[in-house]
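Structures for review follow.
Two complexes follow with chain A in common, the first pairing it with chain B and the second with chain C.
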Partner chain A sequence: MIAPSSDPRWERLRKAVALEPVDKVPVCLEGVAWCARVTGMTLEEFLSDATKATKANIDAFRLVGNADCANNPSFASSSLNFLWMTGVKRPGYELGPDEPWQVEESGLMTPEDYDRIIEMGWPAFQAEFLNERIRPGVLDEFLEFLGKGPSVVEQAKAADMPFLSMGIIIQPFEPLCGGRTFTQFILDLYRMPDKVEQAMQVMFPGMNDAAIAGCAALGSPGVWIGGWRSASRMLAQPLWDRFVWPYIKELTLQVDAAGLIPILHFDSDWTRDLPRLLELPAGRCVLSLDSMTDIRKAKEILGDHMCIMGDVPPALLSSGTPDQVREHCTRLIRDIGPTGYILQSGCDIPVDAPLENVKAMADAAEAAAG
Partner chain B sequence: MDALCIAGFLGSGKTTILLEAARALTDGGARVAVIENEIGEVGVDGGYVREQGLPVRELFGGCICCTLQVGLVETLRSVRDSYGPDWVVIEPTGLAAPGDILGLVADTIEGLDLVRVLTVVDAERWSMLLEVVEPLITSQLESADVVAVNKADAVDDQQLAAVLAAVRRLSGDALVLPVSAATGAGMPALLRAMS
Partner chain C sequence: MNETLTSALVEMREDDVLAAVGAAKAAGMAATDIIADLQAGMKTIGDKYEAGEYFLSELIMSAEIFKRALAELGLDQSAADTGARGTVVLGTVHTDIHDIGKNIVASVLSANGFRVVDLGVDVPVEKFVAAVKEHSAQVVGLSCLLTTAFPAMQETIEALAAAGLRDKVTVVIGGGPVSDDLAEQLGADGAGASAQEAVNLAAKAVEGGAA
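Showing the complex of A and B:
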């Protein structure tokens, strides 16, 4: 949650989430690799240490000048291994020092692993999987990154940079889909749905407890709930109803009960299932869209129920002109805001987006406020 | 410059058909360049197409979200300026719908005359895919100009007829043709329909 504050930026964010009128639509920066590129840090250096990643976030935040907050103040590539059970090619290791990291979905998980998950439980399986099938030491890297949480928070505070989230949590669909590959996983859902469901039910209880408690202890206002391959666009309705929604709903309630803002970071197209989000607590959640979901439909259905965040198209930020970005943002503010809206890129600001385009996004919010 | 987008679910036969289409275009005297957007074991399709002697650019997502749109505009511009092809053939990932990129490409690339969409359907896995990922399959058919119902060799006549009928119901005005990229059956008719 966000406490009432004398800082106008925090106050705007608090009111946006609570669906109260704001003096200006708050602007949030989300773009991990972009922060490095725009501040002249190589991606290799950016990933080398949590506090370096935070420094790039802070420097980029200052370069833009009039944004209200950053989304996540730090980043580690090991978090991608941890979330999706896939390999990740890293700058400076498998890739050149400034090449963007790439998730490698190569199917390291087998159908027999459902039984192993059921027998071993998720934490033991995950630890073994990460170290034995992805890369020895990758779990320690991730734990070391988490251990830097308190210094990251201190760094952001000292730099006077508000941020929304210190963590990402997920429902079982995502790591299973990542570990198996999308093609194999949907085949599993077809051939052995009961086995997959049994594994999910073993995985889910407690799966995100440590992350939620950690975010609360760090004073993070919210937590990301990630939705990628589990999007409505991907799955037939009966499968989505069975394998996705119950878990997202329960997670959202868990985060809310811990006093944190559930930030539903939903990539791809979730338009079909927007009405289901009315089942979530009113005035307490944020729906963050990546420009594939119909954001105007989201406003129509959920405008009185939850804050909407997004969704300046990444392609526009990287290839458009500042004028085009400004116009697009002005329309978004008019149609989705000013109440219950946070202006942000759709998913990440692309690594090659010119600074002028990101400034144009932040300027549009200021101009609209008059 | 014209663009041909070859969409379709993962493993439906996009790259196999792309190579045939590119070969037919090249044989007709056209300059052809290929853009591959990959997920999974990245670099596989790009490397394969390159081995077949075609100029290729690859787009990788940094994330698992579909980031095709991001690098596509820059890549298309760069291919246009550096190679000057008559045709650029784009293979998006099997999780993308061509409709997601069409508007963007048509609006932002100067010098692009025509964008054609060929969607490849996997006849062998059709009923499974429809049961599990129906919205994705439907979205891939929505903006198709031509639909190739591929792997006709792997199903019997009755199954093929059923898939063709179902695909025609979901594809609006698109021309729907059965093919086997593996045996070459139906490929000449498909390539004629595309040109």
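Showing the complex of A and C:
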């Protein structure tokens, strides 16, 4: 949660989440690779150490000048291996030193692995899977990244950069889907639903306890609850009702009970199931959208219930002009804000977005505040 | 029309589809007629997707059942390609390796009667040009997930123009960050937000109407 503060930026964020009136719509930078590119750091260097990634975040935050916070202050590509049970092509290794990392979904998980998960339990299976099928040492890399959490927090605090989240947690759907590949996993849901469900029920208890406790210990205001391939648009309603929603709802309640803000980072299109989010605690969650969900519909259904964040389209930030960005953001602030709204890119700011476009996003919030 | 077969497909009852295909085959029904019934089912599924009753999972599952039904007939995709509605060359453009969306589009286009030439991922510009020439494609589908791949999309479209092919093909872009505005900016003919939209755009390109 965010405590009342004399810092107007923290105060804006706190009020936005609590659905209270704000003096200005807060602006959040979800920069990741863009932070490196815009500050002249290669992506290879950015990924080489959690504190370097944080330095790029801080420098980018200062370059923009009038944003209110960063989303995550650091990043590691091993987190993608961990979240999705997939390979990741990395700059400086499989790619050139400044080429963006890319998730490589190649079906490393087999149908027999559902039984192995049921027999071994998730932590043991996951550790074996990461090291044997993705890359030896990848789990240690991820744990090393997590171990830098206190340094990252200190760095952000010393630089006076507010941030929202120090962690990402997930429901069983996401790693199983990444491990099997999207298409194969969908077929599994039709052909062996009971087996998949049994594996999920073995995975879920305790799956995110360490991450939630870690975020709380670090003083993180919130934690991401990731939803990517589990979006409504991807799944027939009965599948979503059975394999997605119960887990997201329970996770949200767990995060809230730990005193953290559940940040529902929902990529792709969740429009169909927006009414279900009314089942979550009022005035305590953030719904972060990537421009695929109908954000105006989200406001209509959830405006009195949860803060909405997003969703300046990546393509606009990448290829549009500053005037186009400003105009788009002004419309968003008018339609979704000013109360209960955080202006942000839809998912990450794309790596090739010009600085002027990101500044235009932040400037639009200032201009709207008058 | 074999109602048992088409309704089993529309309702994702895989075993029932395969049984109905086996029964129709045993009864001496021509493979082409069985395929036509399956494609009628795919058309209904596409309509339900457009109406918001079905979602991506149904498009994927039905395309898979369609593929298995062809195998049950002792045929592969080339049988469905005979008399295809048109040919689509498809690939994820150079510098991008993401293929989930592209693979789904390929399956759904195939099951809706299009012949698909899938070039894979990180496809060089020249390979698109060569494939359009070799297969006399009417439609080119360019996919990407990364905004950094937009220049590669543009280069591909320009290369098709330089090879004198641009007027002969409809270029459709697809993938997470694409939009109609981007299509216009890059010189493409349209952007597909979903696999079903890709079918509709391909149908419009080759038949001048909706799927």
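As a convention for this text, the second predicted complex is superposed on the first by the 370 of 370 C-alpha atoms of A that agree within 3 Å, B and C clash if a C-alpha of one lies under 4 Å from a C-alpha of the other, contacts with A are read in each partner's own complex, and residues count from 1 in each chain.
In this text, contacts are C-beta pairs under 8 Å (C-beta built on N, C-alpha and C of every residue); 3 or more make two chains touch, one makes a residue touch a chain.
Just so we're clear, the structure is a prediction, and the values are computed from it rather than from any experiment.
Undergrad: Superposed on chain A, are chain B and chain C clashing or fitting side by side?
TA: clash
Undergrad: With both complexes superposed on chain A, which partner does A:Leu239 reach: first (chain B), second (chain C), both or neither?
TA: both
Undergrad: In the superposed arrangement, does A:Pro314 touch chain B (first), chain C (second), both or neither?
TA: A:Pro314 contacts both chain B and chain C.
Undergrad: Based on the superposed arrangement, let me know which partner A:Arg272 touches: chain B (first), chain C (second), both, or neither?
TA: So A:Arg272 meets both chain B and chain C here.
Undergrad: Just to be sure I read the superposition right, which of the two partners does A:Asp98 touch: chain B = first, chain C = second, or both, or neither?
TA: Touch status of A:Asp98: no partner.
Undergrad: Does chain B (first) or chain C (second) touch A:Ile186, or do both, or does neither?
TA: It touches chain B and chain C both.
Undergrad: In the overlay, work out which of chain B or chain C sits against more residues of chain A.
TA: B
Undergrad: According to the stated criteria, A:Val351 is in contact with first (chain B), second (chain C), both, or neither; which is it?
TA: Both partners, chain B and chain C.
Undergrad: Counting only touches as set out at the top, which of chain B and chain C does A:Asp294 meet: first, second, both, neither?
TA: Neither partner.
Undergrad: Between chain B and chain C, whom does A:Asp59 touch in the aligned arrangement: first, second, both, or neither?
TA: Touch status of A:Asp59: no partner.
Undergrad: Do chain B and chain C touch any of the same residues on chain A, and if so, which?
TA: Residues 89, 100, 102-105, 181-183, 186-187, 189-190, 232-236, 239, 268, 272, 292, 313-315, 318-319, 350-352, which sit in both footprints.
Undergrad: Sort out for me which residues of chain A touch chain B in the complex.
TA: 33, 80, 84, 86, 89, 100-106, 178, 181-183, 186-187, 189-190, 228-229, 232-236, 239, 267-269, 272, 290, 292, 313-315, 318-320, 347-348, 350-352
Undergrad: Spell out the residues on chain C that touch chain A in their complex, using ranges where they run on.
TA: Residues 12, 14, 52, 54-58, 60-61, 64, 95-100, 103-104, 107, 146-148, 150, 176-179, 181-182, 185, 194 of chain C touch chain A in their complex.
Undergrad: Which stretch or stretches of chain B touch chain A in the complex?
TA: 10-11, 39-42, 60-67, 69-74, 94-95, 97, 100, 104, 108, 128-136, 139
Undergrad: Considering the complex alone, what residue numbers of chain A touch chain C?
TA: Of all residues in chain A, those touching chain C are 89, 99-100, 102-105, 181-183, 186-187, 189-191, 232-237, 239, 268, 272, 292, 313-315, 318-319, 350-353.
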